[in-house]
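Okay, got some structures for you below.
Two complexes, one shared chain (chain A), two partners (chain B, chain C).
On to the complex of A and B.
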């Protein structure tokens, strides 16, 4: 009897231990993922699919997605970092990444870099020589117009190989203004505030030969934001509004949305995210033109949202595995097909609907590959960007160019000093 | 003579009501714009902003924006969260702040004036300046619930309620109102043997309808419009309130019609609450001179 009881106890214990072992063996460790796409059902569907596929394709990790509205995402992350409540994986806007890495929110991303060698430069987030984040798409800006608009005004259609020069660009704006058909020949989009300013307009400054900050040291804006090239840029920028070439700071947001399609503007400086709508509106007549060469080569902004691993996660390899998993051509093409984003590799572009060779939006891929310049890769960018935005808005309103740029450079320099050089 | 006086009176009335109607229209135009726009497609909404059509339900009118808004965000969840947090905070705030006011007016205790001055001083401290210290505190507070002892209040309803129960303005409102209540009533009740609790609950509070309504409306607005604090303390969608939910609609290409539909929906509880309490609110403003 005793033996039987002992046997039962041993068997029960054995089975329990085996079961526990089996559960442990197959149990997936939860990984939290924060994403900025709440309120975007199209984007949510794709990211949900990636998470579901990852969770079912391996047995170690179970990613749990929490989406945030983009407008308040950065504030939520900063608050969570203060409260010690960061997730395992989080997405980060490309130019903000160095700040989060420097502040200790992110850790380097452990992904074989040869596997991402063919990614567009704007999709790879490097800080202090280490990869911290990786994007599933890039974004680019182009001059959007209609072929008929330019041909009727006898204006040469620029190409990637031969963009407009500064003289040509100014002459084209004057010609279009003189046609009397448009309220303004060029819509730069000053109705959009915030990151649009440095993203869309600092490439003009760089094309003149200036910059927001001296990238050789990242310790000063002196000479680059207020040097001769920057002042030439500032005077040209002010001229665009003084001559009535572009609507200024008081531009109506509604006009920004519909002005090109309504015929109020001849050319619009806008991103690839609007390209699908423009294709619908203009069909074959639409043109996506490269940025003008304002003296130092044509430039556009680069880097969009990217995925990174939080500094506090004990599961960095699982987080990196998920990010690597997400960089499959089919997923990157899915984002592109659904929202019009630029696929980050040639292979994903080739399987995408809008960026295949010969498709009108393929221009954006080439623009990203050939003209893109990253915004200054420094933690101080988040402050410098706001200073730059204010300076450009003031100059557009008629402020003295040299004084405004001097003050902006001083403000950026003071911020760098206050933050002890931001770790460069 | 009598006719002339009557005509003058009528003329004055016409002028007065015309002016009042115009002022009312100015205040109501944004609401009409919001409501009307919520039924229009984006292209029409944007095109109409330049004319009076913006205030008229004309053109391609439909409920599409509402359907899409419900697809984009869990609107009922956000409204439930906001109403729950707001209702509980308002009730608790009315209770505790009125008790504080009662104590300042009717009870004698050492340091009363100093405590009241400190509470008044908090009125000039903007929330933004204390938000981060508060975040650090609530992220480490203990709680005993169904799961036993846990640490940290983030991603809960209580983190959106407890820090806002007591506030200087509500205590001040009650204190000022209680000062005007007839002392004889209180003294008579005490002579009759009523406890302080009975005086508070049976005599003072039933006489305080207007100030309760005023404090409730002001608190309701503050709580229903919470934005910064929920962003900081709620990382999970299930606890987000309506104004954080509004951000769901601001994408790269903002769907303005959906924004208007969402705003219309979330404005309804505020209007309903105000309409229910408006008589008492106006009476309170008339009697205390408090402006909302």
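On to the complex of A and C.
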């Protein structure tokens, strides 16, 4: 009995001595990485590959990946920050980044600015003049439809140089509606709640000449969210639902996914992440059209998920090295090939499958390069986005336009005041 | 005598010791957060912020609960005639011209229209600094007032039905109880399909039953039907739980009373009125209080099915508390809402206790 115990003790110490030796031998410091893509096997495969390559490529750092489902990712980070358990590297949704930087969750990213000079503007997260986050892709939104749908209805196919004007767009919707072939001529996707609203629809407001907040100071929404341009936008927005041009807030989520392919909708306002499926469904007939010019030039939203370094990590150099490592053309092209995301540089676009010159999705690269507008770069965006979403949902349901936008502007101003100007 | 005192205190000590785990958990998860909520509601505490927390007194409550009244005279032409729109309705100046940067009405600054009505030529508008919260209060009260009696009565009906010795009655008990065991989130998602405006189950059913005369209703997308739809679903979901409580009450009533009633020749209504109902008095109080509390806490259904819309017709107090405290990162505002809710529920519980007290 006694000998057995002794043997156990000896074995345990022996094993632990061995493992200690192993750690010392490699001398790699562990870096934790949090990522929002749990439940997406394609995405997981690529990020796993990057992590494995990085770990075997140098001997200082050992990155350990932890994935979260996207719906609860932000909550997990906030909870971790409150408990003081942030990882070393974390990914962050572009518009949320200033909020986390301001709150002290992130530290500036130590990457040479000249090395990323040719990245699309939407992939670089700047706050207070410093780079905090960098994206391995960008996303863009376009009107997806079929060439045959437009030509049969005698509608001009818009181009990047000459997008539809407001009157042309409205007329096209009316014509498509009158064909009687579709439940709705346009699917804006109100079934998708949350960030989709400000991401996809605030560019319409900007194209009208309004905005969510006044970007010269970031201290007020008065006059931009409830000025004449914004009210004109609101009335147009309401008209889309009153006239039956687009399904409203109670749109069936399943219809959002399959409605265009099933022929229920003629045109769909959707992101490039669905482009691959549409290519498969429609083949050569598919069209990715630029946003309409509603007065102040065509606009679409910019910025998707990006990587940053947490403020609490003692290994910021290792974290930055990993992010730098991940921005190789081959990895960025891999994300693009697998999910259809936009590669952030021209060189990575050139080696990607769908964004090479002449490929149908190259449109998205140009859209992103020419028309993309960042959502307001302010810590207060998180609240403003919620307010904006509710205002748009209410207007779509028939609420008074001017009053709703007034209330939204008031609420945003009140929030900015209570946060002492959000550090601008 | 002198000896017995220390033993007694010793017993008392071990009593406290036994109570400690439960007591400690209750302190930690109920009392402490509650005290925090009251404290936070008087500050500008944020969920995440580098700014220091400041004491703001009752500002959060003022922002939530301020109500004011504005009487509007109609628009008149130069000749003194009242202007009317195309439909012949009287035209009034816009409320925003009073509540936005109007130095003559500084006390109305930032207030919004809650509701209004016409009285003779004038329009009387009730303004609130937070009409969404006001609507949330009204919706929640409406929900409680309708759901509490209906759910209680329905549950009693079901309990009476299954309180019989029939073959297979346990099967029915299980069926009625089933929705209670399923997560409310799952139930809500399923009912969203049932209520779907285009090809939902309910619309299809009515369509078939009426031989095609029924025009589809967008149950959750229409401000007039959204709250009602959530009520129906909520009643259905929790009715089985209260049925079981009623059932346990029914089974405590002595069978001899029923036998006596039978011998006396009582009709079934008389049996219910004079035997069953008096025997259920304490159960009734319990069921009523539990339903009321659950109804006040309405959240998951709204969060999954409507997000408070359309046009705030399904906003509720708890939904607003979560939306503000977490969604909009305003912990202080969310705390203030929780405290208001606490006071409301406390008040109603005290009233219920008073109304159902033992009258000696």
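Simple rule for what comes next: the second predicted complex is superposed on the first by the 398 of 424 C-alpha atoms of A that agree within 3 Å, B and C clash if a C-alpha of one lies under 4 Å from a C-alpha of the other, contacts with A are read in each partner's own complex, and residues count from 1 in each chain.
Convention: contacts are C-beta pairs under 8 Å (C-beta built on N, C-alpha and C of every residue); 3 or more make two chains touch, one makes a residue touch a chain.
Worth saying up front: this structure is predicted, and the values here are computed from it rather than measured.
**Q** Would you sort A:394 into first (chain B), second (chain C), both or neither based on which partner it touches?
**A** Once the two structures are laid over each other on A, A:394 reaches chain C alone.
**Q** Could you look at A:117 and tell me whether it touches chain B, chain C, both or neither (first, second, both, neither)?
**A** A:117 contacts neither chain B nor chain C.
**Q** Could you say whether A:277 touches chain B, chain C, both of them, or neither, answering first, second, both or neither?
**A** Once the two structures are laid over each other on A, A:277 reaches chain B alone.
**Q** Quick check for you: in the superposed arrangement, does A:83 touch first (chain B), second (chain C), both or neither?
**A** first
**Q** In the overlay, answer first, second, both or neither for which of chain B and chain C A:69 touches.
**A** first
**Q** A:402 in the overlay: touching chain B, chain C, both, or neither? Say first, second, both or neither.
**A** second
**Q** Which positions of chain A sit in both the chain B and the chain C interface?
**A** After superposing on chain A, chain A residues 82, 252 contact both chain B and chain C.
**Q** Across the complex, what residues on chain A touch chain C?
**A** Going through chain A, the ones touching chain C are 78, 81-82, 99-100, 102-105, 193, 248-250, 252, 255, 382-383, 386-387, 390, 393-394, 397-399, 402-403, 406-407, 410, 414-415, 418-420, 423.
**Q** Which residues, counting only chain C, touch chain A once they are in their complex?
**A** 44, 46-51, 94-96, 100, 110, 112-113, 196-199, 218, 220-221, 223, 307-312, 323, 327-330
**Q** Can you list the chain A residues touching chain B in their complex?
**A** Chain A reaches chain B through residues 34, 38-41, 66-72, 75-76, 79-80, 82-85, 87, 252, 254, 257-258, 262, 271, 273-274, 277.
**Q** Show me the residue ranges of chain B that touch chain A in the complex, using the header's touch definition.
**A** Where chain B meets chain A, its residues are 42-43, 46-47, 49, 71-73, 132, 135-136, 139, 152, 154, 228, 231-233, 235-237, 244-245, 247-254.
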